[in-house]
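So the structure is just underneath, and the comments pick up after that.
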Amino acid sequence: MAIKSDEVGSPAAEARKHGGRIFALWFVASVIVDLVVWFVWGPHMAPGFMTTTAAGQVFDFKVLTVLSAPVLLMVWIYGGYSLIMFRDKGTHEDGYYVKGNRKIQATWYTLTGILVIGLAAFGTYELIAPAGAGVGEGPSPIWKPNNAGHTLIVQVIAQQWRFTYRWPQFGGMETTSINLPVNTEIQFDVTSLDVIHDFWAYQLGVKADANPEVNNVAYTKTLQTGRFVVRCDELCGIWHGAMYNYGHVVSQSSFYSWAHSMEAQNASLTKLLPKFSTSYLPKDNVVGGQYFNSSQA
Amino acid sequence: MLSKGARAGFVFVGFAIAIGVILFAVFGYLRSSPPAIAATAASSQPNTVNVVMQVDGAVGVGPHPTWVGYWVRDAQGVYHQTTIFKVPERTHVHMTIYEYDSGGPLRNEVWGKVQGVQGGAVSLNGTPVSLINSSAGNGVAHTFVVPQLGVTVPLYGVNGNAKNFCNVGPCNLSEAHNTIQFTFYSGNTTHNYRWQCFVPCGLGFLTGNGGPMQNLGYMAGFVQVVK
Amino acid sequence: MAIDMSQSTGVGRSGDAGGASAAPSSRYRLNFITGTIAAAIGYLFGHWLGNAIAGHYPSIVNSGSNDPAMLLGFIFGTVGWFAGLGALNYPIAKLWGREVPLAEKKDKYPFMEYFSYSTDHKVVGKQYLVGMLFYFFIGGLLALAIRTELLSPTYHIWGPATYIEVVGEHGTMMMMMMTSIVMGPFGNFLIPLMIGSKKMAFPRLEAASFWFTIPAFFALLSALWEGGFQTGWTGYAPLSIQGGVGQDGYLYGFAMMGFSMILASINMVATIINYRAPGMRWSRMPVFAWGMITTAFTMLLSVPVLIDGLYVLGLDRAVQTSMLYGEHGGSPFLWENLFWFFGHPEVYLLALPGFALTTEILPVFCRKPIFAYKTSAAGMIGVAVLSFFVWQHHLFNSGINPDMRPLFMLSTELISIPTGFLYLVGMGTIWRARVRFTVPMLFMLAVFFNFLWGGITGVYNSDVPVDALIHGSFFVMAHFHFTIMGQLMFAVMGAVYYYTPLLFGIKLSEKLGKIHFWSMFIAFNSTFIPLFIVGFLGQPRRVFEYATRLQGLNQWVTISSYVLGLSLAFFVVTFVWQLVVSRPASPKNPWESRGMEWQVNIPIPAENFERIPVVLSGPYEYGNPNAGPIADLDPVVVGSES
Amino acid sequence: MAANLDEKPVIDEEAYYHDASLGGLWTASRSAVAVTATAYGGIAFAYFYLRSLNSNNAWDPGGVTASAILGTLIVVMAIVAAVSNSLGARRLRKGGVVDWQVSAVFSLFLILLSAGFQIWSLTRLPFTPSTSGYAGVYIAFAPVNAVVLVLIAYWIETLLVKSIRAKREFAQDGGLGLSSLPAAESFRANLEGLGFYMNFFALLSIVFFVIYYVIA
């Protein structure tokens, strides 16, 4: 039943022998993989560096990958090694009788605990320092960008199944296209006219749910010019998959000339729009659905 | 207990039935779709096709007769209750839409502005129009919007109290209607462009965007740009 | 809940069958055919009633979707179903004080027993196994339909509406039905055997829990030909209020499955706490039993909230209350909170049983005790407890309570600690083992491999700034397929191979099993690893159009998924063939397990154990030269007429 | 139990499973309490959540509540029923079977009446379902409460008829309250579960009375 005593040394010696090999393999592999992640993949990581929040996502993703790759490798190398070395070689005997090891268990609990709490602290810092990290913060954001400079406000209005954009600083005009100036602090006010959508500007590193009748604020700062895609990221019905459009981060001068020309073009439309507000009531019984049978005031 | 052969027979029959059910579900049910109507080439102008549609307050046919919906006319002049039509690439698509439904205020007035059509305006009963104020007059009944082609066309509503108001489709030209005509360019690549109505016109559905708004063949469709 | 306090009375009845026990009535047995007929009558009545009550309201006339009729049809259909099955005879007889005894258990049942309201836990276990695998394969076919659409970013195989319906059906089918794929078949079948009991605490609740899954399944599937539901399995309001009658199928089916889970859990908790054999101390209890009791407690405390949410949604749809819609004083956030308060424990309801099975089977083929047994139980309990405090991590982008995000980030990441316990247990167990690479063992090892992807990417999801990138993308989708399919379904498949000798008296072919395992393992990873990249590169979930630059990856995934489908089809064919046609007989305890459940003869006697066993040692004493037998199966019994 | 391996352990199987079934009843009634508490907790959460959000100022614009008279009657009857049942159960354990039966009839009557009132309250609401958040949450609560009340009534009723039917069976053994026969013990365990559930439900009713009528 038990392993024959001449076959193996003491448990501690066995642990040193196998453990040493596993550790060496793991250490070398981890260093190589981490270096590759940081220096080879890192500079090309999605979603790029168009804004501060996108760059922040790249950095966080990189850090998490560098930390988790050794964990992955540890399980793989330990598992692969053990399965090869400790397989049943046809002798049909039982394994080494051990039901636990206080030291190893305690080490494991401590290490996972430290790792996890460290990750949570890192994540919290990375959430708070860059003003919410491009995530929708609800109607009254608690983490705001601390520079007092100019902030461009863009209201994102989601409706089934298209985003439109309203520009309170340009006469409250509403457009179906979006362009942004480079090197500018942007505040997105995201809301919806019907169901829940989600404004995901991939290259901008911004994601915020568009909730009906509620404002959801997200911040970012543009750093580079280029094209970005806006997609709906919350299932919103039949055309959810087709609810996307493209936008551009352009130089400040071309942005302002675009914005002013749009403002002029849309002047007659802008007069018809309701007053700018952080959210709009869908008014179900006035237009459209007539869903509620007993009409309330 | 059955013999081994009999059991094997049952297993084979069982598998055959299962495969049959799966094939039926796929081809007889899930693959079903409204028909795609090919646009007819215009006789007068080169490189132009004509598409004629009508939109009714209630289609009157099929499983959901009370739903609003579009009809597309084929080359023989027959209307099909569908929202899918095929146009060639690099072509001017000349659209004629007969609008039979009553209108109202838009939820988002931005859809009252004509966009992406040649000349920047549509012809509404012969008059060029580039912006409709939906809170005035009969309001906007529906819109024809192809987001990826940048086409936005509001369809002015008819007076719901008109004597010859068409309650149930298919409607004909003797009934109250508006004729909207415009031309857009189909682009340089083949693609399935989705189009939809932006008026929440699914009556009886919360915020008006259920039912006909969420089903192909009513208020949602494809412009299939083909070779 | 309160009604069915049905006891497995059996008091005054001996363990030995025969003798002068209360003879079961030999009258015609009601079965699923009578149930179906009664269900159809009930449905038609309910539908007519709904039309009569609500058919004239303008919104229903305009929309043509009569939610009250649909829901009343479902409710009366379910009542009819249970009446037709004969399930209501007992509670009705109780009204005039009559105790209908449970049907006598038999060594061998007629075939129709498996289509009847059986109260034998071994029959229920088999019914559950076949039912759950059937639901799983239907859900799997729907998954292939999804992948087929994604072959091309622009050409559409299905219409966009059909695509969304298929996505919702697949997601809901898997998430709601598969909660019971371990507790249903293996829990019900094995728990009495494992804890050395002849019976379950509440066999009628157990039977009801299975027969609830059938109306749940058909209500859900019926949505497909009622226009489907556009909301996916998460059912976010107000989109779910906006949907047609298909949405009623979703909410009703999900609620029925909720009842099934609650009934099964009450039975499971009561059985494990009270029916353990003498000597089966908590410290000797198999890890699988720990997993089941933890899962059952989690269900008891989370599923009612789901039912609340679905009920609120049903009221908003059918009687036009406005709890999930802002204009009249409600809020869609209410649904998000109620749903995810259940929804996150839900994913652990799926994951914990998988780990319980894995940890149970691993030592058998390592020929070693479980490493750190207490840690494995603590790990499962820790995961279960923490699962109630993490739900808002699904709402990091929603704008709800941004100030709570650091807290939910912390609580979510803390879950890695008890999950890590389970890895410690697994890795400790293979240390200096004598690993036997049988088919079940391969599946269990794959569980650790697959779940590692899911677990590590779970840390990415919990990190708010990274979640801003991957939330709602295919990255998340790949993550939870690794944790659910890669973990749970692999564990289930391994358990099917492992437990078929007990369940059906056959031992499945190792050779065919290995073909199945390797094809499934490789195809599974080949399907879902690229989806991490697809999501990372910006493809949202549930889309039918995507960026053309991602077409290559998507096609790779689709083709892999076909291979995965073929692998599972291979399993179905070989499994059914061996089960029905070739029937390779299994010897007693073919895996040389020490577990209580393997100490019985094959086929298992009607009452499981001749006499109530007395447990003498733990179930994992492999390699212990001093270990005695696990139990005394033939103790002296008094108070029995034999 | 099995400490001494030299001799065979001795098990009274019948007693073992009888004890297990008593424990099963105990566990089930506590589980039922847990499930009920969680289900009601979800509704209470909905109440406080919508109340605190007060979307569109439409939580409860006029401060309108459902019928306070019916609400008060329902909660008072639930409490009285629970008290009467627990007093009756105490008498039963001293041998007073008839005392308990009288109290059970009384409780059953009150519980059924309050279930009826709960349904009746839905027919005389001073608002329509979509009036306000309060309206929605009340309409969600009332049917659930009615169903739970009916289930409690069913539970009392089954125990009541069982006690009547079994009267002769236990007559020589001191009656249902004192008999040591397994069936009598099962009955008392069941009754204990019912009492626990009813007491819990009375507390729950008070909480929801406060929610819907006092602080609304």
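Chains here go by letter, A, B, C and D, matching the order in which they are written, and residues are numbered from 1 within each.
By definition in this document, a contact is a pair of C-beta atoms (placed from the backbone, for glycine too) under 8 Å apart; a residue touches a chain by one contact, two chains touch by 3 or more.
Note that the coordinates shown come from a computational prediction; the quantities given were computed from them, not determined experimentally.
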Chain occupying the most central position, where position means C-alpha average: C
Higher-contact pair (C-beta pairs counted), A-C versus B-C: A-C
Distance from the mean Cα position of chain D to that of chain B, given in whole angstrom: 56
Averaged-CA centre spacing for the pair chain C and chain A, given as whole angstrom: 30
Between chain B and chain C, centroid-to-centroid distance (C-alpha), Å: 42
Whole-Å gap between the CA centroids of chain A and chain D: 47
Multi-partner residues of chain A (each touching 2 or more other chains): 194-195, 212-213, 237-239, 242, 281-284, 290-292, 294, 296
Contacts with 2+ other chains: residues of chain C: 58-59, 62, 160-161, 230, 238, 242, 320, 322, 326-328, 333
Sequence positions of chain B contacting 2 or more other chains: 194, 202-207, 209-210, 214-216, 220
Inter-chain touch pairs (all): A-B, A-C, A-D, B-C, C-D
For the chain C and chain B complex, residues of the former touching the latter: 58-65, 141, 145, 154-162, 166, 224-225, 227, 230, 238, 241-244, 325, 573, 576-577, 580-582
Residues of chain C defined as touching chain D within the complex: 1-3, 5, 7-12, 14-15, 91, 94-99, 197-199, 201-202, 262, 265-266, 269-271, 273-275, 278-279, 300-302, 304-305, 307-309, 311-312, 315-316, 319-323, 326-331, 333-334, 337-338, 341, 611-612, 614-616, 628, 632, 634-640
Touch list for chain C against partner chain A, complex: 57-59, 62, 160-161, 163-164, 230-232, 234, 236-239, 242, 320, 322, 326-328, 332-333, 366-375, 396-403, 405-406, 409-410, 413-414, 416-417, 420-421, 423-424, 427-428, 430-437, 445, 448-449, 452, 456, 459-460, 462-469, 471-473, 536-538, 540-547, 622-625
Chain D contact footprint on chain A (complex, rising order): 213, 281, 292, 294, 296
Chain A contact footprint on chain D (complex, rising order): 55-56, 128-131
